[in-house]
């Protein structure tokens, strides 16, 4: 089903690895809604993933690029404008990676070179992408830039580690640059804070399964899926949200506004049962 | 232009007084996007305003109702379902009024009967409307409810008076009921925190002109208009935002994420000029 | 142990019912820190509770008052100034009650007269107290007013019901009046958002035991006790926090900044065990 | 005046450059309140500043250290424990610097090596300091760590540039590490978000004078001074705030909760006067 929300628009999608990726779904939906796009990911990801399959499916050229490399980013914007025949109307940043998480370094034993990589890949790449685009005047007046974030930017989740700091930094960059790009070119910049999603990236996080269960029972509408996230991205790229900028938008079935749901508490209490005495009081210690 | 985002949907719009009203624009846009709707407002407002003109324009019946009156609200939902032929898919709450503001009672000299009216009209009506709808099971699974709010719910603006407290209460009700209606019927409830807008309601606020100028210069994209707000409401009513609930969504050109813009500061500094000595230092006192 | 933080200061404590009350602990600590105080509570509470015992212990007169009644509040401030010999330096508001919770009305079946009472007792009493004080110029320059709140003002907790809305309203009043009383008399107004605490009031909340367990395991420092809360109140009354105003201050062992802790998740996962198949995957439905 | 709030406590103060520094004031007040401390700053700052004068005044040894260098930080904690005779009870992080700001690089023309330095000096140093301390078990159970921040972490101020992103990152680190250090050693970690303050660091920020005027007129209690900030730090180091952690605490006279004050608006309107026609309407363009 299409509403032609992106008819005639040109977009660039960063970070579509395989069909579990949110970026993949966004690419599909964007084209469905009438956009023409290019895809980009790291050369390694392009080789390992199935980005090419997506490229064929949505009739999009793939431009390999290291998103932390300014020259590569310049190439993405130059090529994309050539291929798509004009300035870019929307960009999705769906990039995140922590070597500390991968190497199972705990937050109180971070490797600082790795931390720098976490921040560079997951947050500073967003600044670089925008700065490159702005210097080249590659984004059309009223364009829309979205990055994907997670509620760990506001609240601490065990195991999410230095990615939490990276997401805070990412959201700050959205505000800082949203001001400047907005006042000069009416370009809006927002982050979408998505439910935990079982992507290849997400599956690396510790205890992901149980966390997703908790998150799902807390949220009155349950966890938001990658498909639903793609719909929200489309909305943010469309002309119907032209005055929304510098925001972090929760797309999480209500999780972020919950303190405790009955469903999650029932589950939690199950775990407490064995620690209760016959009067139903919890036995500690 | 239409994207058919509300094709086949049934809606109720509370609070369309005249063609300056945001609710008026929402009604127009909703119908444009394929919805069929009913309109409701207080009997007095219906008589004094031009709601009937709107009714003719968008082919909508008007059901007069005092939104603080449970029986009236029941009638709105009964009649609307009869007229529209089924359960309701979306509802807009655009209602606010403070007798204390009207009577120029300052915040440190509030009349408490009037305060009660402010809260009842501007916030509790939202609870009543939702409770009535839920008891009648009048809203379809996955339906969407939106109320209009203002950033004064988070930050104090001189002269906004007890309306700030009413907006805080309104946003809290959206969260509290969003949890319950979400978990049971997948109905989502959100507030949209809109730029100051020159409506008949807004024009009662003290120093509105200068405040709108400040707000416009602070926001990188400038103040959001009533038309643009209507677009955002459409998006929140559509099926593309099915997992967004319990949120307060700023629709304000970025104002809420600004501390100080260069444009606003330049304006502010103009005002300081006459208080500066020849070295450019500010002379206080 | 004393640090003489309130030496020579005069205070009024609203809401000390019995020795489980936070207000009771604040009264004790305030006097320990050198303050002289009066106590006030509803006539019923004074009769039923053990406020008199506290009065003797801390050498404080008790002034019965209905905090929703302006005349009663005037009496509290007149008498307190007479008894204590001058303007008031600090006030604690520790008042909250919901007839809807007591009568087990769910949030989608609220009685609106009761809701009005919830808001009047738990939130508007705060405005009335401050308005009365300001009109009488009863609070000294640089004085400090604190009300106790709960994180349900920001996030929904099942069973907390209309008290969540009351707390949102309370916190909004702190901001709105903090602006006005601050600019005119340097009086600061804040709310302290305290961990769930086993008081007579708190014990009415549904599933309180399990919620306190969850909250305790989420917070890295565990739940804050009533005694610890009293210390934080003292700090906010002291001259060391003269520029803190219009804030909601979380005193909760870190709960408010947590998304999920390992301890709470372990507990939660215990509850999941029985729903897992032999591969450790959760079986839904 | 002293309240003996830090009697017998050992502390380390990072970042006291000269007598305009907040850290300087904190050092003085900490000692006044009964603490013994060490001071640390970069070797360059130690040479250029007047840290030695402070050292003599408060009887504190100075340990030069580059706060981005792990080995230097280890030395600070080893030496401080030797000098002070035991584990450390409190630490102040008052460090921030942006080469991009110094070199007048705008936010859309950042030098990325400089950005890395901004983040490393202003934010990652905080993580390094804590990680070093935790690995050495150098902080006593129930200890307190505070870093100074600014509201630009939440809202964009023109000219504050990449320091805004650094402050967001700093506040995130406080949360992330607050969880881990709290659950294991009851160490609390908070940031204090201070009014703009005329320090040597602050004076580099563009249009600082006018911004401070705006901030002062917005805040009902006016800007908080460095002396007042020192008092708030003392409170956060004391045993009276043992359950406050992972928080960002605004110490700003109420600024952060203001949308617009009458005083600031009057000033702003002065600047508008010349753009108004004889009917008082603003003439744009």
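Brief remarks follow.
The chains carry the letters A, B, C and D, assigned in the order they are written, with residues numbered from 1 in each.
Keep this in mind: a residue touches a chain if its C-beta (ideal position, glycine included) is under 8 Å from a C-beta of that chain, and two chains touch if they have at least 3 such contacts.
Model, not experiment: these values are computed from the prediction.
Seen from the Cα centre of chain C, the chain whose own Cα centre is farthest off is A.
Between the Cα centres of chain A and chain C there is a gap of 39 Å. Taking each chain's centre as the mean of its C-alpha atoms, chain A lies 31 Å from chain D.
Work out the mean CA point of chain A and of chain B, and you get 30 Å between them. Multi-chain contact residues, meaning those touching two or more other chains, occur in chain C at positions 155-156, 158, 175, 178-181, 246, 257-258, 261-262. If you draw each protein chain as a dot and join the dots that touch, every dot ends up joined to every other dot. Interface residues of chain A, counted against chain B in their complex, comprise 3-5, 175, 178-183, 186, 188, 195, 219-222, 224-225, 228, 231-232, 234-235, 238-247, 249-254, 256-258, 261-263. Looking at the complex, you find that chain D touches chain A at residues 70, 106-110, 112, 115-116, 119, 124, 127-128, 130-131, 134-135, 153, 155-156, 158, 161-162, 164-165, 167-169, 171-173, 175-181, 246.
Across the interface of their complex, chain A is touched by residues 151-152, 154-160, 207, 209-211, 213-214, 257-262, 264-265, 267-274, 280-282 of chain C.
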